[in-house]
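What follows are several structures.
The same subunit A turns up in both complexes below, where it pairs with subunit B and then with subunit C.
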Partner chain A sequence: MTTPLPSVRALTCTSCGGTIALRAAGSTVSLICEHCGTTLDATDPQLRIIARAHAAMHRPLIALGMRGVLRGTTWEVVGYLERSDGGDGWSEYLLFNPYQGYAFLLDDGRRFSLGFLLDRLPSYTWGEMELDGEGYKRFGSSYATSVKFVVGEFYWRVAVDERVRVSDYVRPGKMISCEENGSERTWTRLWMLEWGEAEAAFGLERRQREWSRPSPHEPSPYRDRLIESTIIGLIAAVTLLIVAIMGGGSTRVASADVQAALDGATHSEIIRDIELPGRNAALTLTARAEQLDNSWVDIDYSLVNRRTQENFDAYALAEHYSGSDSDGSWSEGDSTPSIKLSSIPPGSYDLVVELGAHRWISPSRSLYITSYAPGASSPIPVTITVDRGGMFAGNVILGLILLLIWPAILLFLHFGFEQRRLSPVTEDDDE
Partner chain B sequence: MLEANCPNCGAEIRFRSADLPVKVCAYCRSSVVREGESLKAVGRIAEVPEDVSPLQIGVRGRDGALGFELVGRVRWRWTDGGWNEWLMLFDDGSIGWLGEAMGRYMLLRQIAHSGFRTDMVRKLRDGHPVTVGTEATIDGIQYRVTDVKEATCAGGEGELPYSAPLGLTIASVDLMAADGHCASAQKDQGVGEVSVYTGRYVSLADLRASGLRAFEGWPMPQFAA
Partner chain C sequence: MSKSSILYAGFCMAVIGLFVFATMNGFSPFAQGGTRSFVHAAYGPTHK
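After this line comes the complex of A and B, so read on.
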């Protein structure tokens, strides 16, 4: 009783006399000779000829009798047919395992899908097909398909030019396909296989990945990366903002009141012993010259490390102008300029400040030019403050943009893909 | 269990259950009917042609907690193929059918009532056409007709609840529900009697089937090893 029985039976083609294999005796109804293409009636012990070959024979990409393991089950190729909807064509392999029954392997020339006949009816709710708690969107309208080529054995009567109406319902990774002919309606659920999965199972050359023409049930290749990068991007952006707010607090490390002589020679002031402990940090140098009136002060900073003599230079301009013209009175200029020095190493520093103040002669005030007496004006007081820490707002914004660029690109790619995937959708025309 | 000899050829035959009055003699293929203590050969039943079915008489399995053994089989043929109906004898003495078609399995039990409350069943009984897609509610479950065909008994083996004469023709209607339930209605085209069976689709793994047939080059599945 436990002696294994042969599962393959050798038959002789009634038409050409060639030896053909019968791999699923009892279930097989149509047997198409792989040598001459004649369709034989497998339910008839005499193998009655049903139809002669219409087209020249060719070999399927995966040969009849080939075995492969897909998702843990060994399948043997027993039948192969090519179908077309008038425009696009695809191949279908009928797979058999005596203990598991049948499966379909679909090949659209780019990707493979594994299909099983459904043993339950999907339900139609809210304009979607539902099966096992998952919704499927209708893909396009139903279309007529016909068999263009067939070889091997099938559990139904198959014939070239046999026409079947197909309706597809899709979700990423899966498709439900409803096939109807006059007397029968069958439902098949297809799982899209991973790139290279079917090729590895049946010893085919691995196909190139490409997403220019996605299948209607193809999962977006960008979706996982989009979710991942959005999460990472948002975490990084929030972290950056928290650091900017927390670390944005600055401390005053030095302050000095100096004077700038109007129209006199520039002179230097030195603010000594600025201690910068810890790590590299930004410094903000602010000059307040609030008494400026139609004049400006050139300020040259030079921050010198007392030990290494390394110096950091910067320039600031404090200015204030006002007057009146036909449009009324006006004023402009920043009398309290701030400049930032980024990433100053820790150490002990002197800040050398060179100041020179200049008067601006407004054209409207040219009449008073005679009243101008050099050296008569009092010098302009300037308060210099040095603050340590703080963030460059521009850098924070730039950082946020950089962090969110990749998720934005992926979002764009994802929606582009989804649009291509579902593009041939037209209105239902037969519901 | 009743041990006896075939009234036709004398080979030893066994009856497992009083509910299964028919036994196909494995040697002469006589259909032996038991009536009380007397045995009668009532014609011959063809041998089922060799097929690549993993099932055979003696296969054991479980439907939930209830164990069963396959004790008989009827082979049906229709114009575009055929299917097997395996008789399941449960450990509690009840019987059921394991339908096998296109590599798929339906575990079915006959319903006690005739099912005539269902419009589709009445149509079948009255000889009106039943079409694919027709809705039918049987015992509160909503089905749709997926298949309608006429079939002929092409053979049988083992023990059977009735004497399936070779050439008996039935009208067979298959139904499917949204939740995996399925049903089958059969009308004996000779007597006109309608039987309704309900159950569900199962896999051999679901049934934890053991004692399956071994095929060259095919490893026994894990659930059966």
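After this line comes the complex of A and C, so read on.
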């Protein structure tokens, strides 16, 4: 809500004689001259000098006295200070509204956060700070900060080199910060402002979005898209599976029992008049040779269109081996191989099957074969079946990979962002 | 919904459409027909 602001009181700096504005009379304790940087006691009618400036003055990005509307409230910038923890530095603007009191606008160089002093203590539950039903995780260790530059008016005694110890607790979008010195402890809750929100409020140039070094309480830019794409992807994946189940049925169009002579010459069998009606369809050719024992059958298929003589070739190997060794008995091999033909046009077909069965003898003495096929030359019965339709598992897997690759990429980006956001915690463990 | 999510939804519909088309026509790039698997170049058990 926009509220009227009080008139500004003009004072004269007792150090340099410059005119300085007192914007929050009655609340301000320290007044730092914006011309010479001298800290004055605003509670003293004579404006007693608390500390003289010993640093060159410079203008903050948002000038003192500037007004802007943030989250529905008109704020006036009354103070500005810069802090550092020895490494990174940041800026803090003290904002004032006569009805709302004070607020802080923090600028870490990338984004702005709006903070308010807490009038109650957060509770410590399950290893987290809790405030208004929301949990905040500890961010790194507590650290010492010192004021590097200050100008304007403040409701507390502030001066360059003032030191406080800070502990931060974060959740995406918010932060609770605890500042302690020898005499008091204050808690502040910060809300991260949207990109461009503070710039628009105070007439600054809009900053470029970049997430290489996120703030500890910065919400992941990928989170919403990850949730949306996961929901979309799951709906699509379920739809694909339903289509796969509905379209996975098959119909038997031919079946024949043939013989494969063991260690004999390859011979051909023809399964005639296979009718494939309707549209193009997948075809499954299955050879069932369950009497195989330490032997294999080479099966060459050739599906020939009777009208066009177009042929579709395929190969299958039925095999079964067993034996025993020092580890016990073993067996392996597929005696009922299936192969699938893709998109066979409708028509009348003959299936030419060439079979050759062979006995396997171990070349190694260490492998002892328990048995051979019964009868040295007895043929091995093989049942050939032809089924129209069916589903290719490879299609389903490829479809699921394509559908879920975007959520997977977003998940990767999201966790990468969260890792960068919380990286000081892993580099500098909690105390 | 974000623009990327709308594009992704369109992509999903395209994938499902292709999948339905492939299912209706029995098409697959993974069909074994016409290939002779290299793993059967040698016969016999792989048991050691």
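Structural remarks
Operating definition for what follows: the second predicted complex is superposed on the first by the 273 of 431 C-alpha atoms of A that agree within 3 Å, B and C clash if a C-alpha of one lies under 4 Å from a C-alpha of the other, contacts with A are read in each partner's own complex, and residues count from 1 in each chain.
As a convention for this text, a contact is a pair of C-beta atoms (placed from the backbone, for glycine too) under 8 Å apart; a residue touches a chain by one contact, two chains touch by 3 or more.
Small disclaimer: the values here were computed from a predicted structure and weren't measured.
More residues of subunit A are in touch with C than with the other of subunit B and subunit C.
Contacts of A:G323 after superposition: subunit C is touched, whereas subunit B is not reached.
In the superposed model, A:L94 makes contact with neither subunit B nor subunit C. In the superposition on chain A, contact of A:Y102 is made with subunit B only, not with subunit C. When the shared chain is aligned, no partner comes close enough to touch A:L292: not subunit B, not subunit C. After overlaying the two complexes on the shared chain, residue contacts for A:E332 are found with subunit C alone; subunit B is out of touch. Look at A:L70: by the touch rule set out above, it reaches neither subunit B nor subunit C. Contacts of A:E184 after superposition on the shared chain: subunit B is touched, whereas subunit C is not.
Of the two partner chains placed by superposition, A:L262 touches none, neither subunit B nor subunit C. Shared contact residues of subunit A, touching subunit B in one structure and subunit C in the other, are absent.
Subunit C makes touch with subunit A in their complex at residues 1-2, 4-5, 8-9, 11-13, 15-16, 18-20, 22-37, 40, 43-47.
Listed in rising order, the residues of subunit A touching subunit B in the complex are 1-9, 23-27, 29, 43, 45, 74, 96-102, 117, 119-123, 155-157, 183-186.
Contacts from subunit A toward subunit C in the complex involve residues 224-225, 228-229, 232-233, 235-236, 239-240, 243-244, 247, 279-283, 296, 312-315, 317, 319, 321, 323, 325, 330, 332-333, 339-344, 358, 360, 362, 367, 389-395, 398-399, 402-403, 406. Those residues of subunit B that touch subunit A in the shared complex are 49-54, 56, 58, 77, 80-82, 84, 101-104, 132-133, 144, 146-148, 176-180, 182, 201, 203-204, 211-221, 224.
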